[in-house]
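Same chain, two partners: chain A is paired with chain B first, then with chain C.
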Partner chain A sequence: MPAETSGLSRRRLLLGGAAAGAGAAITLGAERTGLLPGSMAAASVDTAGVNGARIVPFHGAHQAGVTSTPGAHATYLAFDLLPATDRERLRAWLRLLTDDAARITQGRGALADLEPELAVRPAGLTATFGVGREAVVRAGADAPAWLGPLPAFPEIDALEDRWSHGDLMVLLHGDDPTSISHLARMILRDSRSFATLRWRQTGFRRAYGSDASGTTMRNLFGQVDGSRNPRPGDDAFAAAVWAGDEAPAWLRGGTSLVLRRIAMDLEGWDEVGREGREAAVGRRLADGAPLTGGSERDEVDLDATGPNGFTVINPAAHAARAHVADPAQGIVRIGYSYDDPVEAGAVDGEGRPAVSNTGLLFGSWQRDVDAQYVPMQERLAQADLLNTWTTPIGSGVWAIPPGCEEGGFVGETLFT
Partner chain B sequence: MFTRPRFLTSAAVAVVAAATLAGCASDDASATDPLEVTDPWVTTATPEDMMSAAFATLTNTTDADITIVAATSDVSPEIQLHEVVDGAMQEKDGGFVVPAGESLVLEPGGLHLMLIGLPEAVVAGDAVDFRLELADGGTVAFTATAKDFDGANEDYGDEG
Partner chain C sequence: MPAETSGLSRRRLLLGGAAAGAGAAITLGAERTGLLPGSMAAASVDTAGVNGARIVPFHGAHQAGVTSTPGAHATYLAFDLLPATDRERLRAWLRLLTDDAARITQGRGALADLEPELAVRPAGLTATFGVGREAVVRAGADAPAWLGPLPAFPEIDALEDRWSHGDLMVLLHGDDPTSISHLARMILRDSRSFATLRWRQTGFRRAYGSDASGTTMRNLFGQVDGSRNPRPGDDAFAAAVWAGDEAPAWLRGGTSLVLRRIAMDLEGWDEVGREGREAAVGRRLADGAPLTGGSERDEVDLDATGPNGFTVINPAAHAARAHVADPAQGIVRIGYSYDDPVEAGAVDGEGRPAVSNTGLLFGSWQRDVDAQYVPMQERLAQADLLNTWTTPIGSGVWAIPPGCEEGGFVGETLFT
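Right after this comes the complex of A and B.
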């Protein structure tokens, strides 16, 4: 950028608040002033908190956290049932947690909530509950064959118990981390008599308003991540996600969640040039389009060959190995980045004190883990160029019961 | 156990909460009951303390004041109608009056039903049935959800 332009921009930026007028300046204060790049217009400011007031209905045929677009922030909680939590106690617990979620996601305090003001800006907050095999057994219901730990993938796995499994899983996602924190707190408070917290994991995407609505997320490798992902409302989404007649009756209208905590070696990735990074995935970094051309949402052409006779997409590229011809047989991904404090004593691949503890909370919805998730994971474990820089360190599988109507509770179908 | 400063803070917050809940409650209130009971809950009780407190929002849908003179429940041999004055609980003289067309909020740090001498524990998630007896001889029944709650540790005064 030429020096004059840059100087002008800087001056305009500094003057932005004053230029907006005295009244506006008082309203806006110093926050959120500035200029949009390439234009003389000041960025507009949301003085109403429109997105904060957004409510995703809690009740319905499916759990709202599956059917809604993933929010900017996510918190996963996993619990271990106390020995005394039998069928009746499990039912009471699910009722309590459903009540907390049904109230706080709708913007009002829970029962016995001493901080109800924290609930008034839900910003699309959703709560999704999932049960592990032990919870299904204690409820006295039939567990699907796939409900339990995934098969081992010794080529890639370095799983740690502290990030894996759990008898009950809660996923909270929305655009406001304060609302998420408040609901998590109520859920934790109301769980003391029934279970212990096994682990808690938090993740993020770009903040609400940073990207245009509908933009595919980027992971911390800088890759556009999830371009071919079916979206809620698509036919392919419904076909891939909702359990039908093949599932136990209590699960119909529900789905399953696989959560993998995938550590990403950013220091190792630093050593890879741009071309190598794109080849590892099979997509352009700039816009996520396949290396065979087109735009982000276009299909990757695995057969196209270059001048040297080799395929343009490396057969071991992530996009090639993860490819599923029929989206109904694939999975629907819900990914969140994590960037946590470095753990004491951690070192990087060069033996230096680690500076990164980053990765991806890779979640996926599918109606049948064995039919949809496992075959894909087997292919990726055998060969995926990305495996050089990624390591699964946590893993869990839960059945996601259908939604409930007002007066009911999530998981009620387990007790019929 | 007498955490008075904390209690005073929570009482101030609960006033705002009550306004929110009452607003929601009016949406699904049926017009037939003289006294609507919304968002009822009761604190869990351990075998050691054998005391509990119940809370709710009571809305008078009529154009005459309603006075609650007593409350009963199968889980407790005695229930007192309590108020909190200067951080200490005491029985409310004359019962609870719900003014015509208005709501009365029973909340931690304020008016509440005090369950005394429970023979068995009330555990989280229990559904506890209550019956309010009105001055005109009528009764109002409701079911409260039991929740673990660290607050509501008011000074029990001479009764403690």
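Right after this comes the complex of A and C.
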């Protein structure tokens, strides 16, 4: 895993260069002072600005958005290729988008960027590119068998085309919504001649500054979400994520992304008490620990029984159905909540005008969708107590090529 | 202005209480370490979590969302009163919403809150309530003359009802989107018997951690936006904002909010060079300083002429048209960018499928809408070079009652 903070960003902060600006070393604003132990306040460092100059290196063996901790905000863009976008034009487009991303994630404006000021505080911004089957075909490369729509899950799916699929996917994540918005705009600008925008989805998790490092996110049901996730750098992460010799050569060192847009019925969830919620999930709401005890990252014990002779964790609880004994055979989840404006004419489960448009952008990395994602999703579709309050309304699968070195571009291995 | 950090939050951080949690005093995560001068990293304080426990006191002479620095994220909710919501029911509703806000902004769950864990990291969360004319009438109080729709500005307006008006407005702002989402949800839950949701709008500015304290925001045109804004605590702020003896007694110590949803044509703006952009605004893009020189917060010089004999600042530039000589007669702006999913069927200025749904939630505080906001808006509507790329698509005006003390509720002065 590449180190997430470069010498450049540190230098910028310490020397007050272009990114950190003249204000970087001023004393704490009155609003912040009270929060810090006296010794830190006396240090006269403005922690309010300390994250803006954080730079995640773009180049490397893997795409940086996979290897880095998910930022507080994410924007997904999906494009459909124009008919005229043949192999050479696809290559030119990928080169152009890579250039935008390599510059803006490093705090520099894009080429011909008229608002470079919006790029100088990337706050950990990353860009990750994925290709759908059609893009692989146009490149003339072999597509893995799993690259295409997931099998249907008729028990649960209510998929809408407008939130599904796409020939190219770009995931931008970082801690600052303004820098994400700016990079998204540059990508849209430089895509006009090659593709049309199919959809755009935006989500969030706890802001930078809100949680201690390493805290697992909570979704809008209040659940701790992703407790058993291997973390970048773990052996289990590498084993679960990176495509190896079984994959086409162009994909080795890459992975795959499954993205599901899952609507969450918060009004229905309101009618379930804490005990019912914990039973549905199989974990304690307070800290995410399994109902069989221990702490958050401990293994769930699916065999432990309670005084009544039943298992403590309901076999249909989410944690039981999603359970994979060997993390290397599992998936790595990257989830973002969404809470969008209510759409015109939308109704809730009882036919009343909707008051929320809320859910989860469920993403997962895995080296093989058919081997890792699909079996788990089949178990969840057949029986998961959470299904009562969740509805998948969007779905997509993309191959995530490996990273590139300076001068190269993401996706170049498709053309060799 | 109330101090924004209470002893409670400081205590929580230092003692590792409910809000700060066990992780508050752990060492810096590897990703953050590189950003801090060595002396700070050695202090073993996790700055990643330092903002989560920040609490803005709810009670006081003024509503805290007006007196505090705008947080990184904002959600506006607007409601229409149900026919059955008479004076007594309106009072009960305001009391209920005040209770939700007073608890959740202080890091405690609402009454009957099933996800109190989502409330423990408010990150500066505030809630500000405003009433439209219908709510004032139902309360049996006198409405100020300006309380109602703005006069039409036919030169520029393309208002949509679905983004305009509302009998009650709630503005939630703070640094964490998850805590805002949770409070919005509790407010929606507790409003079902009294009102219907009319609309919901969400915006952002630079994340906490990205900018040094006191940095003026940039909108998505890349402009520094709000340079001449008086700041909470300035004399000019108090003079411009707080309603005094000229207002109905129930509004004294309160103010008004104008909210305009302004669509921004980023694709059109792309075709304008840096020089043209600076001429349209009357300020330098790099730092927001007037084109007549000086630094960002200096006065624009509308009389200064250049070598060609024309004024340096075009009389139709935004800064010229918006200029008010006496800040006490001006407005205080609170702006948030929005960058929402593209709506189904939306087209851009040239009839092509839209690739962005982007703009500004322009808010302003002023003690008298007719005296302060309307004359400025008339000047801008008649001639503002920026009008080429901006279109107001939503509009609303609300009276913002004063704050309340513990045991009271916002809006109580309407019922005396």
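Following the convention adopted for this analysis, the second predicted complex is superposed on the first by the 368 of 416 C-alpha atoms of A that agree within 3 Å, B and C clash if a C-alpha of one lies under 4 Å from a C-alpha of the other, contacts with A are read in each partner's own complex, and residues count from 1 in each chain.
Keep in mind that, in the parts below, a residue touches a chain if its C-beta (ideal position, glycine included) is under 8 Å from a C-beta of that chain, and two chains touch if they have at least 3 such contacts.
Everything numeric in this text was worked out from a predicted model, so none of it was measured.
**Student:** If you stack the two complexes on chain A, which partner ends up touching A:S193: first (chain B), second (chain C), both, or neither?
**Tutor:** Once the two structures are laid over each other on A, A:S193 reaches chain B alone.
**Student:** Kindly classify A:P151 by the partners it touches after superposition: chain B alone (first), chain C alone (second), both, or neither?
**Tutor:** Touch status of A:P151: no partner.
**Student:** Is A:G140 touching the first partner chain B, the second partner chain C, both, or neither of them?
**Tutor:** Once the two structures are laid over each other on A, A:G140 reaches no partner at all.
**Student:** Just checking: does A:G293 make contact with chain B only, chain C only, both, or neither of them? Give me first, second, both or neither.
**Tutor:** neither
**Student:** Which one hits more chain A residues, chain B or chain C?
**Tutor:** With both complexes superposed on chain A, more residues of chain A are touched by C.
**Student:** Would you sort A:E117 into first (chain B), second (chain C), both or neither based on which partner it touches?
**Tutor:** both
**Student:** Using the touch definition from the top, say if A:W93 reaches chain B (first), chain C (second), both or neither.
**Tutor:** After superposing on A, A:W93 lies in contact with chain B but is clear of chain C.
**Student:** For A:P57, is the partner it touches chain B (first), chain C (second), both, or none of the two (neither)?
**Tutor:** neither
**Student:** I'd like to know which partner A:R108 touches here: chain B for first, chain C for second, both or neither.
**Tutor:** First partner only, chain B.
**Student:** So chain A touches chain B in one structure and chain C in the other; where do those two contact lists coincide?
**Tutor:** 114-115, 117, 189, 192
**Student:** Considering the complex alone, what residue numbers of chain C touch chain A?
**Tutor:** Against chain A, the touching part of chain C is residues 3-6, 9-10, 13-14, 21, 23-24, 26, 28-37, 39-40, 43, 45-54, 68-69, 72-73, 75, 114-115, 117-118, 121, 123-124, 162, 175-179, 181-182, 184-185, 188-189, 192, 196-197, 199-202, 204-215, 218, 220-222, 266-267, 269-270, 272-274, 277, 285-286, 337, 339-344, 353, 355-356, 358.
**Student:** Would you pull the chain A residues touching chain B in the complex into a rising list?
**Tutor:** On the chain A side, the touching residues are 89, 92-93, 95-96, 99, 108-109, 111-117, 120, 189-190, 192-194.
**Student:** Considering only the defined contacts, which chain B positions touch chain A in the complex?
**Tutor:** My answer: residues 10, 13-14, 16-17, 20-21, 24, 39, 41, 43-44, 55, 108, 123-126, 145, 147-149, 151.
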